[in-house]
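Structures incoming, each one as structure tokens.
Next, two complexes with subunit A in common: one pairs it with subunit B, the other with subunit C.
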Partner chain A sequence: MNQQLKWAYNTFSGSFYNTFITFISLVIFGFIASNLVGFISTSEWAVVTENKRLLLVGRLPQGEEWRAWSILWISSFLIFSSLNIFVKPSIKELIFISVIFVSVCLIFITQDALFNVIIFTTLSLGSYLFAKYISQTPYITIFRKLLVFMWISIIPLMFLVLIIGDGPKPTLWGGFLLNIILAGVAISIGFPLGLLFALGRASQLPAVKIVCTIYIETIRGAPLVGWLLLAWFVLPKFLPEFWNLNETSVVIRAMIILSAFTSAYTAEVIRGGLQSIPKGQIEAADSLNLNLYTKLTLIILPQAIRVVIPALISTFIAVFKDTSLVFVLALTDILQVGRIIPEQDPQFFGKALEALSVVAFLFWIVSMALSNLSTRVERSMGIGTR
Partner chain B sequence: MSIFIAKLSTWSRSQKNRNLFYQLVFLILVAFFVNYLVSKAMQLELTLSHFESRSGFGISHTFIKDYTSNDSRWSAYFTGVINTVRVSLVAIILATLLGTIMGVARLSKNVLFSTIAYLYVELVRNTPLLIQIIFWQIIFLKLPRITEALTFGSTVVVSNRGILLPYAKPAEDINSNIFVIVLLFIIIISFVLSYYLNKKEDIDGKKFKILNYNINGSLAGTFVFLILSVSAYFILQKPFVLDLPSLYQNSKGTYLQSGGFEFTPEFGAILFALVIYTGTFITEIVRGSIQSLSKGQTEAAQSLGLTNYQSMTLIILPQALRSIIPPLTNQFLNLTKNSSLSVVIAYPELFMVSRTIMNNSGRALPVFFLILFTYLSLSLIISLFMNFINRRVTRIGA
Partner chain C sequence: MKNTSKKEIGKEIISTTDITKSFGKFQALKGITSKVFEKEVVVVFGPSGSGKSTYIRTLNRLEPHDSGQIIIDGVELNDDVKNLQHVRSNIGMVFQQFNLFPHLSVLRNITLAPQKVKGMKRSEADDIAMSLLKRVGIPEQADKFPSQLSGGQQQRLAIARALAMQPKIMLFDEPTSALDPEMIKEVLEVMTELAESGMTMICVTHEMGFAREVADRFLFFDEGLIVEEGTPDHFFNNPKEDRTKLFLSQIL
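After this line comes the complex of A and B, so read on.
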């Protein structure tokens, strides 16, 4: 008891400064808590519950909803089985995940979507348990390879599901679905491109180096909204005329710009990894007479990418957050839906904070999951501790 | 022919020659691509001549420079640049302060304090900046309406049209510019004085004394600054007067507020969002840098009997500063570029003004190049300044 009192005295008081800091912290906590309680007690969530569809899938037609649901099912299978195979969460993390899972289900469950939500829940739980079962059998290596393959092909798969059999026009995509699609496309196109540009910038050939540097620095020079605005005004005039590309929908334009932007930023991150490789490694590869391709794929890239995985993931998080900027292209992503409804529907006037907080919550979950993944990778590789 | 092939094979055996060949091929491909882009761009209007013409739109926030809708588009553009610089500069200073405090707080022994920092980082960093800008705008608009505006005496007026603070304004029929110049001189003089005194103290190893009183360089500088500036103010016959905000009703009975320094909801929202968002990244940078120092530094400071505050300000932070500054520069650049998001709440900075010009003129490409050029120049200025500081910081102890 005396020990605990002493600990408490040392932590919260002990010196004048520390007592002062404790006092200030208490005031801040009290201020935030009182505001939060005030907000929750006066809030009305009808603005969210009555506009779930718009928030999640935008103007996707009623009959086409199964596409969004199947994307959700595929990803829930992938996420929950990989959770058991690759991540192996602790009890504390499992509780955290289930709390978030349940709250998301509660926010977005509706009468007519009940059946779909039930499929989603059983699929998630089932795949989690299935992965747990399979990890004790010898099939785990095959299953692991299957999962990796599925993760790589998830973006094309998503597209396939959205487009297959006379799907809705891209202009009808919206809501959170649009954010996910844009982020997915930007990352899966931007990352390989960024790898190329990083290698180009680290190249010994001056011409390649200069061109890649100019590309990276130009893209990084202007803010993303600037590039999106350029896409809005003049990008179609620069696209080739076949395939009617110059009449492309704004969604495709947003994808082009976001991919270019992601490639420049990942290139900078990967360049840091390339610089961290000791020169001896490259000399050793040269002395083994490896050619450029083998040198890159066996010696340089595995080491370079390993070091920058946390930084890469935070770049991807930034890209995901940046998909909310497509308002410049008049696309209705989830943030725009959440902003426009309380402004234009008289039924929901003055409910902007409620809508905004749900939107922020959804963004927060995805970013938080990714950033936890990055700390986990960091720890399992012992990057920070060396 | 066979001689040619033989020559070619000898030529290509050299790594240098082959590299030359690869680069040539690469450059030709790039040239084709650039040529394509340029040929497409040539079909568009590429000059900035329309910037001379009348802008025709008003800008709600003007600072330093006056602007009306009759001025040229160049004038509008520069007003935008000033607004960008203004919000970025204030936000950079405040975000650095907040980030440093929170970075130290995350490592604090005080659990309450470190929890605040932890929650702050985890909650704010993982939501888009755009959401935060809109959030702060909503908060500022929840201030009382102008008919029920809060007034504190006649010094501060708070309503959802803005917060008015007392401010200095130039007095009539006295040239106030002279005072500004004199003030600049006084600042330089007092900085030089305090720098000289501190340097002397470092070299001599003892305090500088006048009549047996110890003189601290920084204190002396502040004292001299106060004395000189106050006397200059009175000698120049009070060139600035206090501008108090006021709340009044005009002849039609509408409430109006004017005077003083106006802290508008738009400016407040973008400033708060930028400071609080960028602050989280600076927090993580500061924390990482402090953690990367060896623990022996803290222990050495403790064994010298320094207090926690002293060991932080004298031992830990100066050393951490070396690894803080390069990533900090990056965050400052991000902040400046992120200020363009204020377009969503209609704070008229560079990007919003340029967008209006694009819309009005229909010539997007040259205006975009102007935006690119301006942001690149701003980035360059920040980088140069931070490199200058970095050189100073890394020189200590070297």
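After this line comes the complex of A and C, so read on.
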């Protein structure tokens, strides 16, 4: 029997109970799918097509879009070459990725952006193929290192692109760009910080332990919105004058709060991992005379982090979605754009569903990519587990 | 029967004087005085909870002792970090539960310490690791991960890992107790070979056949004290203490 037949056989011939469940699932699935198709084909998508710019980059001034496009190009190079080098997707996954890629392009393509979208597509495809080519040459190791380095420096790089040569005020950053940047900063600052706090809380020095515990529990003790409001009213009083941070921006304040928030949650996740390390690992390391640094970086942390990768990625996904809460700081992230337009632009009254479903779609793509990554990383690390 | 009798015992290398150790109110060691000489093989045995593990774990300070004195290779074990490092670099330890690093390959398990502690070059460490893997009989497993090895192979890897630091003394804490019977032999063979090569060894074990063959001296522990001490012949032919007789009758 071939695969499909076997599948059909197993699915449809089991017990009555199995058949029943299968049937119900199919009905529900069919219902949802037909409604979805109906919704997509009968809706007016002008609310999205006319407001792409707002959704994607917010109020980034005319003539500054090249900054956003450059970020997109760098990312597409990174994502698509890494896809080939690190992820190695199967045919099924490739098709899936292409479908999503094409839908995103279709949603956001316009005449004036046509040129840029073409570059974007060419670059993505090109990077993928280039990576495929290079992985057969000896340059692969250098290329791999370059990619890792670029991933590490992607956030500073984004900043550079946004700020360089008299860039627009950060308060003008908005749309999906803002969500991505906020999440990127929160994760890339919050993760290392959280690592330190987790180690501090697990430390045997009472003072360090207490300080870290208080920090973690305080941050986790209040909702993010509460902290953001606090940032609005209180943080300016603490930020050093000379950086000019007070006027500079609420964006910086949002970053500080989001990073602190991420670090507290990450710290607890990692602490869970630290506790899962058997005492024998540390005794073995001690008996081999490894010093504290080696013990931490090569024995304890690699094992602790591996255990908590799913929880860690969940935290990151949550943080990414939480970035939409920055509306309380009067910032216009993509969700805010999607909410405001159908309310305030008479032309699009009542089109909230269309606007918000596209917003949801974008959030979903990123979240799904992250959770897929988590399964990947787990699987690739699975070999050395006990 | 005893093929190590011609071995020359060297100078004193471990000396403990009246060491005690308590866990909370419970006193696990109640004053242990012992000496071990270079190239000597000492087997420690006794009932469960008698303090055998605690004793050998104080020797590389996995358990700091409360009072008394421990001198290893002329260096006193105390809070001084330099002393501790000197002592640990001279002592290798093998655990009942192997305690291998599950995220590192077999080869990396061995080369980690030489590279990070001794600053050895990777190629050099690899060579040493491969020769040790040959010595313990698993050179073909170098690129696997510990979880892919059998229990006996894992314990042999643990021995190789400890040997890679070229210790003067090896401590074994019930190295075969977690193993299936058919794997015990392969580990004991490695340990026998090690003993014959002149390694100073302290083994907590109840494998009396092995003990009788390779040990120079037995220490019998009970309730935190060394109750009786002597050659294997002494223990097998005319043990003095009643407690010793009782325990031996139970395990033999």
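Here is the rule we use: the second predicted complex is superposed on the first by the 337 of 386 C-alpha atoms of A that agree within 3 Å, B and C clash if a C-alpha of one lies under 4 Å from a C-alpha of the other, contacts with A are read in each partner's own complex, and residues count from 1 in each chain.
The rule is simple: contacts are C-beta pairs under 8 Å (C-beta built on N, C-alpha and C of every residue); 3 or more make two chains touch, one makes a residue touch a chain.
None of these values were measured; they are calculated from a predicted model.
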item	value
Which of subunit B and subunit C A:A284 touches, first, second, both or neither	second
Subunit B versus subunit C as contact partner of A:L335, first or second or both or neither	first
Subunit B versus subunit C as contact partner of A:S153, first or second or both or neither	neither
Touching partner for A:I299 - first (subunit B), second (subunit C), both, neither	second
Which superposed partner A:S367 touches (first subunit B, second subunit C, both, neither)	first
If touched residues of subunit A are counted for subunit B and for subunit C, the larger one	B
Touching partner for A:S103 - first (subunit B), second (subunit C), both, neither	neither
Subunit B versus subunit C as contact partner of A:S380, first or second or both or neither	neither
First (subunit B), second (subunit C), both or neither touched by A:T122	neither
Of all residues in subunit A, those that touch subunit B in their complex	10-12, 15, 17-18, 21-22, 25-26, 28-29, 204-208, 211, 218, 221-226, 229-230, 233-234, 237-238, 317, 321-322, 324-325, 327-328, 335, 339, 352-353, 356, 359-360, 363-364, 367-368, 371
Touch list for subunit A against partner subunit C, complex	278, 280-281, 283-284, 286-291, 294, 298-299, 302-303, 306, 381, 383-386
Residue ranges of subunit C touching subunit A (in the complex, touch as defined)	60, 62, 85, 88-89, 91-93, 95, 97, 99-105, 112-113, 116-117, 145-147, 161-162, 165
Subunit B residues touching subunit A - in the complex, by the definition given at the top	19, 22-23, 26-27, 30, 37, 40-41, 43-44, 108-113, 115-116, 122-123, 125-131, 134-135, 138, 307-309, 337-338, 340-341, 343-344, 351, 355, 358, 364-365, 368, 371-372, 375-376, 379
